[in-house]
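Given below, in the form of structure tokens, are the structures.
Okay, so chain A shows up in both of these, paired with chain B first and chain C after.
So, the complex of A and B:
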């Protein structure tokens, strides 16, 4: 077998010439009657419960299609699984962009996966609305084609601290948290907010994941005697912490993250008395079973009758409402640039589902800048703007 | 003697045909399929390194994912924190992986075997993952650590095609190196340890050194695969090196054929490519993996490599595990 280096060089040269990133085409993924949108989410794996967000979003698309579509076009959702894994998410993004040739991307739970695909999407230049992942790294500093449609980590942390300080005469605040970045993404902005209001935490405690007893933390907190506790803990540890607080007679209010759900926490601890002073971030306009959320629940069940609804099911719909507004405004001669320009014009949009309005501008692509809080008032879960102030 | 030499020569020529044909692959791919092809090369090395310890040395050690992570983080830290070009980080990642292999071999040298060794080495992998997560200053924690992909000695490493050619060269060198190692006196000693460690020691072969060498070579290969993975994804995260990764790699070794170099390539290629076809069916990937491993173990326990051996005796390998 004789090997000819010149031929090999030619082959390699041809291969290299055949590559190179294709310039973003303004109308890729569009036909006269359809808009192809890539929806990435963790539809498999340990974090697959997050994919309820993408299912809610796809139900919303179907509702828009049933109502006639947008400027004569129906949305065609192309679903891709990220498994919450950065490498798998990168493959999914490349497939949607280069093989399925979608017009834009929407969705994405899991911050790690979203951060991993960001450079690919920046290079490709197509619009991407992040509809569940919360890391500020995704949309800060702002990039022309990436829009955040849910409250980010900073917003959530600040909202927690703001609610804590809305309780009259709150001077002493304690923090109990996991030692991971997830917890820090809530606690650090909360600390900064408190500091900005002249408050240093009276106690900062760690409760590790998987810990089944919080006696040490609770006894230290009893000694510190705070007016409010910020708890950046996962749901299981939150239940243990609240249980031990009750056990040692500590009835200080606790402000939890969006990673816990009020009703689920009640189910875990088993009695209302233990959770009566527990508050969580709640990004919606009403309780999940409240009248303002009913139409969204009915919408999801219309298209996915067997879908079990959770806190995650609704989180991406608000950004869907914003997208539809932008697509309508961009008109029938749609291009990617027009959509991005229209997204940048969205200001104080009341989505009817998120408690925060959405505002995007070329300088700021974090659209949802606040979050409501949910807590039990007279034994009923209630959405609150501030302490004792219903939404 | 002539026949044996002729067969060996033929086998070597066929081995080189595969990468030569692969040179033309980028003509047929788009960025997505090229990305998957690049992943195949990375997992070829991961599977090969795993196979050396589990198939050739015969130790039930699952530190493979730890070596992979160590290599990936060594490359990312060296490129991002120290500013080294990615190519310069490759040997560093290999050495870091080899050091990981040295640490993992300590358990085997202490006489820990079988399931106990499996648990100890899995714990090593989880410990490393804890380390990546909780040393944010060095590793970026759960936010991950980006890998600098600036031009590297004149190569535009952001291009999947350029990455493919670089990965192909590295993979060919390491596959050829492993084949040569297994054919050498050390390789024969590795196989002998697998077959009967006490009998091997009674022949005056330093079995401890042989075990350490096999673990370190495995760590070296997989560490380099880690550096390739870091470049491939552009950012490394702790969750990429968990139990799921380990299970996938183990399935690749089983499907390809324990202890077979050709099997490592086949297993990695098959189990990187085939799951992409079930992407459209969420949740099917786990079922697919389970079914394919069961079918291969039931129908061809020696893996896909045994199919090649049936086609022609030139594919038979002496160090393949029966």
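So, the complex of A and C:
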């Protein structure tokens, strides 16, 4: 068989291109002085309040850049809007990977959107740190390039139930939730935890998104007379539910998700009496206005002066701290494989912001395995480890 | 529990009734089903919010300003966007109302997209206890306002010359033109009135709910369900339909399952269309050939 010079040249060219492409995959998105990171979040739409998480993350990047960057490189964030919509998120992921050619991805609020883009990112093989979405299906079973940097639904649900049972003599627990995957990602692990402790809910009620009245739910709860209520409700519905509880004289403690926070719930319901028995998952080391959180609040306001801070504003920063550790450890000859290998070595990292440390290993990519709780103690928001036990 | 659920249902239903009435006012005079009407409700609520929270006007005058502003917006919408295509196909008119509604929603999203906004409490009086029944300030205020508004509305409609003119147009536009009524102006007025009634609903929703740009969507469905139940085109039917829907939601949630609360409106629409398509008070359509 004879090869003509032209054909041989073409084959050699293709082989070189293939080799070059493989090399480009490992260092795509890198220059001598920059690391391009794709940040996806719901920057528009009715879930856009969650994108405060990505704003906080990008402020953190800017702080790292102002401090000199990492091994001579500065982070260049490329922002894409998912609208909390799976189809839009997939388009955003494809754009970041193939058109913008980012080195890695970081961010992502909204579990539905994150789950939808997972196959695309698994195929592309670039590192992805999930910094807000909580669904366990994103990082279970573990995939080489996907790391979860916040407490997942399973961790959160168990933390909620554990707090509920830490109140002495809690025997009767009721659950009020939305009928969507987000609510189930909290309530199902909580149910399993309760069941493991011999407790079946005395009432399981639904309050759908957009409802402006919770009379039926509250009256049913009044009949069931629970010791504690687990509420997997979004911000608006939480406020309405608490208002109606007060209206009908039901003062049972309520354990809420990380989707709400004390300060903004208080602002929405308008009086402390209504929220005095409300507790929320609180993934941070301090109250939002506490001294340990101040430096993070100042950091966000330095780069986004008009940003109104909520519970979501800080949630992605902890995974940013972990990423910077891994990038530093990977050294100046950075590749995607090196970063993933370094992320896998992170163990008990105290991020200075999350109440849980972060530990990743090849066998477990859910990094944050616990969560604190916040509640009003003597009228002040207080971070708690258990009932009446400050953090 | 039964009395408490009924009271709460009537309070919610009063808001649905207003929305259904505002939809019916537009439908009766223009035969357009205003799919963008939920966003008029949302706009009324947000306008009140801006006036109360951002500008610092007291709730009552702020509400009146918002209602008047929404009336003018409804008139402007009719003159500027519906007027030029009035003779065209119905689907175009419906699409225009949807598009305008989404434009209003888009504006709200642009300004407040990332926030869920609380309106300061305005009916914050101590609840009244009658046995085990709790009567709250919210319920008292909403039911009273809607009752007064409905009495005024139906009094004007049935006992004044203006009302008789309105009924004349409802019966026959051609006949109304023949006796000198300016039907185009009447259409504009109807859009304005519909928007204003929607705004009243928004004003009542604002303090008991939280504001977000998609607020109107769920209320629009409730309005349609109430309209269907009461009978398309029936003003009194729309009001009764709204009240029945509000109560039905509470009963189904408390006595059957809370998952039913959100789908009661859809179930009612299906049931009414299958069992009694003209609703409780709708007239049987007779086509002369």
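Annotations for the structure displayed:
Here, the second predicted complex is superposed on the first by the 367 of 391 C-alpha atoms of A that agree within 3 Å, B and C clash if a C-alpha of one lies under 4 Å from a C-alpha of the other, contacts with A are read in each partner's own complex, and residues count from 1 in each chain.
Operating definition for what follows: contacts are C-beta pairs under 8 Å (C-beta built on N, C-alpha and C of every residue); 3 or more make two chains touch, one makes a residue touch a chain.
Everything numeric here is computed off the predicted structure, so don't read it as measured data.
In the superposition on chain A, A:179 contacts both chain B and chain C. Of the two partner chains, chain C is the only one that A:212 touches; chain B does not reach it. When the shared chain is aligned, chain C comes close enough to touch A:268, but chain B does not.
Judged by the touch definition given at the top, the superposed model places A:247 against chain C, while chain B stays out of reach.
Contact with both chain B and chain C is seen for A:45 once the two complexes are overlaid on the shared chain. Among chain B and chain C, the chain that touches a larger number of residues in chain A is B. When both complexes are overlaid on chain A, the residue A:220 reaches chain C alone and has no touch with chain B. Touched by chain B in one complex and by chain C in the other are residues 44-45, 48, 51, 179 of chain A. Those residues of chain C that touch chain A in the shared complex are 1, 4-5, 8-9, 11-12, 109, 113-116, 118, 120-121, 127, 134, 136, 138, 205, 208-210, 212-215, 217-218, 249-250, 253-254, 257-259, 261-262. Note for the complex: chain A touches chain B at residues 1, 3, 8, 11-12, 14-16, 18-21, 43-45, 48, 51, 79-81, 83-87, 90-92, 94-95, 97-99, 111-112, 115-116, 119-120, 123, 135, 137, 179-182. Partner chain C is touched in their complex by these residues of chain A: 44-46, 48-49, 51-52, 179, 205-208, 210-213, 215-217, 219-220, 223, 235-236, 239-240, 247-249, 267-270, 308. The residues of chain B lying in touch with chain A in their complex are 13, 20, 23-27, 30-36, 39, 133-134, 136, 141-144, 158-162, 165, 229, 232-235, 237, 239-240, 244, 276, 279-280, 282-286.
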